[in-house]
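Some notes on the structure that comes next.
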């Protein structure tokens, strides 16, 4: 039965190969069926495995083959399916499948060749993501880690004619690579100190005993750098909003539901290490909450429907990191799950809107879509409520768990978290109100074009909406008389999870405060924007927010441009005049010397003989003083 | 006579020859100075020959120790004569072409 | 100060002075004549050293033949007037200085070769310089160089013909 | 037997080719000969019989030099690389036409023979011979069939490397006279017991020669010019195979012979290499010329190899081994594309290119895969090598490894920049009328891609091939 | 003795043959026959068969080394005559006399390879030099030729004067002209039995020999004379004659350097000469515009390398010198033979030679590669032996390093010719290139490659 494990990545890989190689000869429906079918097959297998894991515990790890095996340096190509990865498998394949189905319709206008390419990329992405979560060691995870980066690059730059998209793609890849550098160094560190990267071997007492506290702090910090890159945390988050250049389903799948959560998966996976590194935990918590707030403030003033969602994603990821930082690993994973549901939903909904509006993404030119697109509207609303953390929607439970854990660590973290939650409610409903309420503000042509999306798009929306509503059920806290199924399920993996020791009354209080604040923000936004949406250019502080705190400009001015200047300096000055100059200078010096030396050959016999006589004199003098010269030479050398 | 006197004398003549070669421009005179150098060597050789002969002669008047020096001088004279013939031929040839015997005139070949 | 000493010093003085005159005179013909005087002085030294054969050969070959050849060429080229252009003064100075320093160095070599300080050349006496002795050795032990020098002459002769003859 | 044939076939084929007048015949002949060599190389790589893998004949008895060749794991791998490179290069440029093609292909074959000899020789003098023999045909090829500034550029290349190898000759002589039996045999060199000061001196004689060849910063400036100006086929061999001669020589002739000197200077060499990695990467970012960019990228990669070598870790050296092959394969792929683009559009300047993905999608896809291999993406072959090399370097010095690792970011920047500027965006005047590349180019690239992926997924056979060599070298290094 | 006598005799025969034969072309073959005879006789001598059993009174001493060099010199001359015979015929009506002079030079060479007495050295050098003065000036109408001849003659005589001074001083110091003089310290009672006079004399000899082998700073005659002399004779001067001078050099100093090393640091003096020679030769050649003059300077540079042999004076040095003589002579003869055919002897004159005369270009390339010391050519092993000889001494390694750096410089000017021939556009023109000439060149090139791959082919003769 364990051979099923290999089937999971195999299906998407096969889908990728078929769609990639034969994209010109297949027709669109077939491509769609192959692409979606592969993921569906994986999903089914994942489901089977999930139940196996649920009933029998983690499956044994078996190496497919020896990947690198040199002397004491051994890395296997092995998969590990346990509680944590099986959850992620379900999320990836499940949501992946929905998005594939959605895409068959969304991308229908592309030429067959590009349609095939698109599905090949999507399949490849799922394959990479599966490697990432299924790998039994850090190296296989890294393979998936970089693989998803690659697919993200390919998909962001899917419309490669547009150079802005290409820049965004490149930016995403490079930013990810900065993170990957941290990841890699951590892996090297582990390999150097522990000698292995298998999870099973690393997270054992004797392995950990080989590590000093400094080692652990360094490794965890470096791993976190990796996570920050992939999961768009400060300071490496700027690529994610730009990544919205890709097709919208891609944004939903990669930049909201799955890939960006890889960092959370990785830290959750390494929770044993992280619990030993308090410095790192604090850093993670602080960066997490800072990211959550920063992104939320930016989202307040964005007018591009996808950008709002993108910053919202960054913000939610910040929450997840906050959870990881305060030790609420389950909470983080829980939030990953629920966030996957509602963020995928929101993105797909946004896609549906964009699809209807003929490619328009500016919410100022929308409005009143409620009546044109009922399904989209309704599901979008569900998503907004879920993300705003309204009970009993899924977002409430997961966010609440994180906030509770944060409170246990520090009330300040909790306070900031609640502030962020309120902002989330505010900007999400600003988005909702501006888009769906009021009256349509676009051109007549656009208005004429407005329509509800086809079934292939709406069915996934409905499914996701359903999940967004009920998804919280797996993690109902005990305070609300739940059993927190997820917590129990994951506890074999997340062994170092510390449940916050809060009284039920405290928990009720915290919930109430956050819900009330969020609700207030929600209502305020709804009230403010449903009638009089913000249409002009923002001014004052709003402008700063609209321009994302000028962080991109700052990076350009502080890092990118100096680096490019430096590279120019190296290229034009150091290389040309310096090093090559010396090399050529030697040649030129020889020529110069040649020009000078040939003048000795004056053509005059008298001079020649004079030189000869002088040379004889010199020879005699050298002979005469040879002892002195030798002494001198010995001193010099 | 102390041998050092002879050495000094011929060194002196030799150096005068060299100075002559260096300071004059007339090819023939330069050539003559070279002959002067050769002659100083001849004198030196004869002196050395007699120097080595001295102790041997005292022991045995028929001894020919040192005679090789004088024979060498003989060969130098022979060679010098041959050289002069060739040298003068070259000088004459050059004079025919350029109507000059100035060494400084010879500077087509340089650098 | 015996006769030999007087002869030695006076011959040496004569040789040196006339050698300098070879350089100093402007007229090439005078140079030749001064050179002949040098040769005579050197021949005098030979006689003093009882190298009679060389003394005669020196006069015959050098003064008699070679110098005449020189004179002949000079006359042929009609160079008997002092037409030589002045050589650059600096070059002259450099020549004198370098020649002089070589002289100083050689003199110091002589002075520092202590093995020579007790040596003296046998003057007036000894018979190795006599034609009789020389001839025996020359035609016994020195036959090979003697014969080989004929090749030298042969090549010089060929050379003189090749170069001297007009095409 | 096999080693001798591996050298003889290209030599004879090359000499014969010099007299072929017909262009088609010359091409075909060269291709056939190189394929024959390839078959033999594969046979050699698979063989384990010592007698087959060695050749030994009297050559210069008076000098203590023998014509002795041997083929251990490392040699097998590099011979394979060398044998793979030429047919690929010829195949990919099959449609190009060269003036006096008989001489062109003849010299190519001779160059291949020289490089074969370098990888196979186990006698120092013989090694030096082949070292130069590889260089001279390269010089003629580049000078005769190269770009506009070919004469200066290739001459610089020639003199630079020649000067270096002459220093190596002095070093070889020095060691030769230190051997008790006055022998050039590699074993005699290995058995030398040099004092520390002798090692410190002789080390540099060898090191400079190899550093120029590799090239290690700051001895690299011949390379971009030479790569830019050489005909692309030659550039493929130069960067794909010839620079490996430097790395190979360090492993074979430097590390085991001068353990004390290596222990003393390793930090310096690593520092230079790491500086070189960053330096070349940064310069590559600002290049406007495709060939120069690839050249600088190659310098960066080779710098990493050098650094990993001198880190003297099992993993690192093993990584270098496999990376020698991988880099060769990858860079040849990049050159094939560069040549295809230049032949089509007449320019290599990024500023004049763009949008080729629309016109030549096949080429674009293959190239993108090559590009990702160039940035060492996992599951491409380069990842294996770089991962292991960084590991080795890390075990030697954390900071050096960390700094060197920055290059993986910079590599992404310049490689993706290249991909973008050449293939993405809108078409430029130069690329308006381009069409997809011909089948032979795609075929060769496809072969390369298969190698890239295959080795990236399952590198173990390659690693096992060189395992023994690494162990032997390490044993020598740690014997002090 | 065979070589000395027969070469002189054949010189005379050549002179007489000018009476018998009116056809200029015939002399070449007579000379070739003579050279073959000489070679055979010399080889016979090498293996113990001396036709003329003459008591030389230890003035000449035959060694395998010297005799073998004779063979090489004769064979090189044979090649030279066959390749360049046509060119000699172009120089006026004295073709037979030129050949006679060449034979006299060979006689001088034979003396220089076997002398054991300073008198023979002196005679040998003079016999070598005087015909060369004449050959240099053989183109009587050519002012450059005249100038070269006069310069050569003046400086040659001057150096003869220096050499004689040296000989006289050595005689003064040791009382003998034999080069392997047995010294007895008791005779003089000076320190270590070495008189200062002898040392000074040796220094003068060093200068004179340095002049003959054109080592800097006594090289000044070389560029001008090589440039001014008719190309065909430059070729001869630069090869056989120069190598012979080196043999004489090494013979002269072989014993003396070891003998006097207590008093004088020869290593330092010789390294000074070597550095100066390498520097002047290599560097100055870089800027030349005329290939002929470049080759002249390059011959100085090559002399710098050959001086390594004098410097180290071990078995490697002697073997190496032989090899160097072969490699250098073959390559230079070939290169000059091509040069003599060229209409324009500047670098530009070679532009595009590969197109118009592929064989000339290809063989010339091999010659130049050999001169540059690239492996697979004889020049490599020649240089290799020189370097090895110094490395073997274990001192002055920096000299070797300097040497190889200059070798790298030398590549610059040799390759300029190759670049011109192959990589530059132009219409290089060569005159009357016959198939025979081409075949000759190919044979020479093949020999160079043969020696380059298997130098044992030459060296084995030295021992068997």
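Order of writing sets the labels: A, B, C, D and E. Residues in every chain begin at 1.
One rule holds for everything that comes next: a contact is a pair of C-beta atoms (placed from the backbone, for glycine too) under 8 Å apart; a residue touches a chain by one contact, two chains touch by 3 or more.
All values derive from a computational prediction rather than experimental measurement.
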Would you kindly count the fewest steps from chain C to chain D, each step being a jump to a chain that touches the current one? 2
Can you list every chain that touches chain B and also touches chain E? A, C
Could you find the chain whose CA centre sits the greatest distance from that of chain D? C
With centres defined as the mean of C-alpha atoms, identify the chain lying farthest from chain B. A
Chain centroid nearest the full-protein CA centroid: D
Using the touch rule from the top, point out the two chains with the most contacting C-beta pairs. B-C
Distance from chain E to chain A - Cα centre to Cα centre, in angstrom: 77
From the C-alpha centre of chain A to that of chain C, how far is it in Å? 101
Taking each chain's mean CA coordinate, chain A and chain B are separated, in whole Å, by 96
Could you give the separation in Å between the centres of chain A and chain D, each centre being the mean of its C-alpha atoms? 36
Which positions in chain A touch two or more other chains at once? 587, 598, 601, 603, 605-607, 609-610, 613, 616, 620
Mind pulling the chain E residues that touch 2 or more other chains? 119, 123, 126, 130, 133-134, 137, 140-141, 149-151, 154, 158, 172, 197, 200, 223-224, 412
Mark out which residues of chain C touch at least two other chains, giving numbers and ranges. 87, 91, 94-95, 98-99, 102, 106, 109-110, 116, 142, 145, 149, 152, 155-156, 159, 163
Interchain contacts (touch definition) - all pairs: A-B, A-C, A-D, A-E, B-C, B-E, C-E, D-E
With touch defined as at the start, can you tell me which chain B residues reach chain A in the complex? 18, 21-22, 25, 30, 103-104, 106-111
Using the touch definition up top, name the residues of chain E that touch chain B in the complex. 118-119, 122-123, 126, 130, 133-134, 137, 140-141, 143-144, 146-151, 153-154, 157-158, 160-161, 164-165, 167-169, 171-172, 175-177, 197, 223-224, 227-228
Give the list of chain E residues in touch with chain D in this complex. 369, 374-376, 380, 384, 387-388, 391-392, 394, 397, 400-401, 404-405, 407-408, 411-412, 415, 419, 422-424, 454-456, 459
Contacting residues of chain C [partner chain E, same complex]: 106, 109-110, 112-116, 141-145, 148-149, 151-152, 154-156, 158-159, 161-163, 167
Which chain E residues qualify as touching chain C in the complex? 4, 8, 11-12, 15, 54, 56-57, 59-60, 92-94, 97-98, 100-101, 104, 107, 111, 119-120, 123, 126-127, 130-131, 133-134, 137-138, 140-141, 149, 172-173, 188-190, 195-197, 200
